[in-house]
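Note that chain A is present in both complexes that follow, paired respectively with chain B and with chain C.
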Partner chain A sequence: MEDIFKEIEPQVYKSQISVPYQWWAGETASKFFITLRDEKKILGTECPQCAKVFCPPKKTCPFCYVDTKNWKEVGPKGKVITYTVVYRQLAALKKNVPVAYGLIQLEGSANAMLHYIEGIEPEKISKGMEVEAVFADEKSASIHAISYFRPVK
Partner chain B sequence: MEAAIIGVGMTTIEKSKVGETYADLAWEAVNKALNDAGLGIDDIDNVITTSSDFWDGRTISCMAVGDASGVRYKNCSAVEGDGTFGAAYALARSLSGDYKTTLVTAHSKGSESISSIITNAAFDPIYERGLGLDMISACAMQARAYMHATGTTPEQLALVSCKNHKNAKDNPYAQLPMDITVKDVLSSEMIADPLHKLDCSPVSDGCCAIIIANADFVKKIKAKPVWIKGVAFCSDAYFMGDRDLSKAKALEEAAKKAYSMAGITNPQNEINVAEIYDAFTYQELMWIEGLGLAEYGKAGLMLEKGIFNRDGKLPVNPSGGLLSGHPVIAAGLYRIAEVVLQLRGEAGGRQVNAKRGVAHGVNGLCGQSHCVWVLDKEK
Partner chain C sequence: MAKRRVAIVGTGQTHHRSHRPDVNGQELIHEAVTRALEDADLSIKNIDAIIIGNMDHFEGINYVDCWSIDGSGGYHKPVIKLTTGGTTGSTLAIGGYHFVASGMFDKVLIIGWEKNSESDTTGAITTAFDPVWDRLVFAGAISGLAVEAQSYMAKYGATDRDGARVSVRDRKHACNNPHAQLRKEVTLEEVLASPMLADPIHLLDVCPRTDGACAVIMASEDYAEKITSTPDWIWATANRHKYTYLGDVNWGELDSMAEASKDLFKKCGITEPRKQIDVIEMYQPYSFAGIIWIEDMGIVPRGKGAEYIWSGATDMGGELPINPSGGVIACNPIGATGLIRCAEAALQVMGKAEARQVPDVNFAVSTGFGGCMWTDMLLHGKKKPNL
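Showing the complex of A and B:
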């Protein structure tokens, strides 16, 4: 077939998909976020059968498949299960590199939450390191009510 | 199992296919698969398309490749996710006895969007998405968890990249055939520690199509069938923090089921070739172990011994794998097509000696869900 792009730039149709969308946080996440914002406390939900506590909290225990009825305070200290330091300014990042992310298992929680690790040179972060939540000054009922996790001094 | 793959078709995998829309890619792959099977479109009685609306930038993207896949006035259904899962749906239809010939397509054009933003949207919007993670940063965390648990080294990860890019030199469909060294990988840009640029697969364009037929139909045609002996899939928890990221438990379960269907008791000895979802170097090693082709934590050592090389005892990704070209969604279907060519002895310069092979696909962040196919030259 003839090469129709031989002497021209291939044509593209440039556009952007920008669809306003809202996700209802629901009862479970709302209670978690409001308590974070107003009391600077981190809550998890407890399974009545296996007694595991989940943070971020969930309405259902994935192991027992029952409602998690009780709220339990967890953290604010925890340990780094795994982590990465991002050095390329990937398009999804909200901060300038280097950006460190960790999966943080809070004291009393059976699972781990994703968040930033700051307050330490990124090269010095290690697996198993003890960290604690730093709460945001600005009031926000969202995951950003915690600014980041920093090493426990 | 009374079903076989009777035709495969692949487009070349490229960084950006400017000459074709993704429907055009489907047209090419479907026609290649039909020619391969010696069939015309009228011989196909139903179609499964596999696609992702976010990657395609189009709602109900499955419908947009219908015309190119010959679905007009036919039974057509769709799967969102990796092509291996679309093919599993096609297999179920074939085994139901209601369908003779099921065409499966899977496509994507990574060149048309920004993969970091697309994969960021896979995260939970309430708890996680706003933090700005994407597939690479998430998988970097899994890579670290796996390396820490097993003692697998950055050099061993790099060796996967060297092997696969070298294998791609004999694959005319591959995007990135290269001779590179461990040093090249380790000195390439550190994107998200511990993953260097050459530990990551590229973002690619491509489409793959296969045709699955029931045993009665296979008897009537001349095409060389490759028999489906076992297929299983299994999923882990959605949230990364709910899983043990250092292990591929869902893959172990899927593999066990697929092997049991195929009557395989010792996969290390009974599987002769494997095409595995190596979106990142560490994943090839982790998935090799999850598939029971190495003991947990030992794949790196076996790789160093050359066991997974094309001339080794158990060649893994002789095509060059996803590291040499990664059209998301289509990627797993390419793995199936590659194993089919290997078992038919039609893999050209990348041919290995194989009677039975395994193909593997992944859906979700950090291998949340796995699909395993055991294929055999003989019924």
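Showing the complex of A and C:
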């Protein structure tokens, strides 16, 4: 293998693609985030046909393909649908390992929200475990208005 | 070759705007899809497969076919993503035609969309160019088009006033189209006095950046005639890619369109396009292309494009109206733009183009253009094509 460059001097050009983005959350997600920021309430949207409540909220029910109508408060308690614990520190991770991610199905919601699970030793996390939202001190209209989910005592 | 006939039976578009902060991408898509379903009087349950596309890097979402499900209605359906740069929308239409013409699917939903407001268009487009050669020197889309215009002007003595006349036409036509982003007439003087972006292209010579989505439903013959009494039959499609590097282009002519046109017209028995075609929806991202590319299409001889434009022949009410919708200069959600041309041509054939309707359309042409000078074309007809 070491001989493949014997006769040539390969040139490699390093570069970076820089494309700035700004994503519009849209009216539906904006209402969710603003309510979360200002009232520390977690909302879902309800499908008028199948009556499923979605949190994260959806403007359109993907199963019935009709617009959701009513806003319903969900959580702040829920259960861990599934989870993993990350032990290898990767550049894209925003926290130091070990980091526990879980899919949290909030009470009253048909779907689940991805978030951190903290306040528990990672090896003690289990599927089906009852958890509750811990709201951040710093106000923000984003998913980080919830710091993490912790076990219900 | 097609195994069976294919027709467009419904179309839907958003009201395209520079920014749509009230919706995310999926919700924008949903607007176009529900309008297309309403137009065809179908429900999402009637759709057998979905083809969706947008520009690479524009929204920074890599698995759009999957991500868009909430908006596209693709839950538990076959969905495929196509993306070919500027031609994305027209490639989507050609892909939909292949899906149905091949006998694989009966009713296909085709979706093109873009939220241009979410990224830096020039930065994203630059990724289309070779990273070791052209990309180190060149950026964006406008300068390549300017080179084409300069080459043409040097060859045939056209002026920037000729280009401006095309912009005046398209921007006037756009006033008839409630879906167009820019609906304001401009004068020749205003075009020529607008800021110079890349010589000879002024700001008002070139397309804007737009948030918008378009959906088109194609069906096989069995279904098409049951869905609508005025199907838009797809007679043929043609596509040509030409080159990789900017230095390989035959600047001043669009070879890919010349060859795609020959192919398209031969397949359909069109021998005198100027007489036989009633309307063209051209993917014309800047004004000078409106002169150059009608020569490539064989509408007029080489060097005669400007004269034909000045005669008024391509204005509404003229011999061969071009871009009754206002075209790309008035509205450009890039991943949707080519599909909008196809949808607008379909509206013309179906007689549903309202204030922008050209009378008695038997044949319409829609085109797609990509920044590396490639071309897609579709021929739409009122009568059924021969198989």
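Definition applied: the second predicted complex is superposed on the first by the 143 of 153 C-alpha atoms of A that agree within 3 Å, B and C clash if a C-alpha of one lies under 4 Å from a C-alpha of the other, contacts with A are read in each partner's own complex, and residues count from 1 in each chain.
One rule holds for everything that comes next: contacts are C-beta pairs under 8 Å (C-beta built on N, C-alpha and C of every residue); 3 or more make two chains touch, one makes a residue touch a chain.
Just so it is clear, the model here is predicted, and its values are computed rather than measured.
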Quick one: classify A:23 as touching chain B (first), chain C (second), both or neither.
-> both
Kindly classify A:48 by the partners it touches after superposition: chain B alone (first), chain C alone (second), both, or neither?
-> neither
Please work out whether A:60 is in contact with chain B alone, chain C alone, both, or neither, and reply first, second, both or neither.
-> second
More residues of chain A in touch with chain C or with chain B?
-> B
Shared contact residues on chain A for chain B and chain C?
-> 15, 17, 23, 25-26, 29, 62
Interface residues, chain A side, partner chain B - complex = 5, 10, 15, 17, 23, 25-26, 29, 54, 56, 62, 81-88, 90-95, 99, 101-103, 105, 111-116, 122, 127, 142-144
Would you pull the chain A residues touching chain C in the complex into a rising list?
-> 13, 15, 17-29, 58-60, 62-63, 65
Residue ranges of chain C touching chain A (in the complex, touch as defined) = 19-24, 26-27, 30, 43-44, 57, 59-60, 69-71, 73, 75, 115, 117-120, 123-124, 127, 131-132, 135-136
Residue positions on chain B within touch of chain A in the complex are 18-19, 57, 114, 116-117, 119-120, 125-128, 130-134, 136-137, 140-142, 144-145, 148, 189-195, 237, 239-242, 245-246
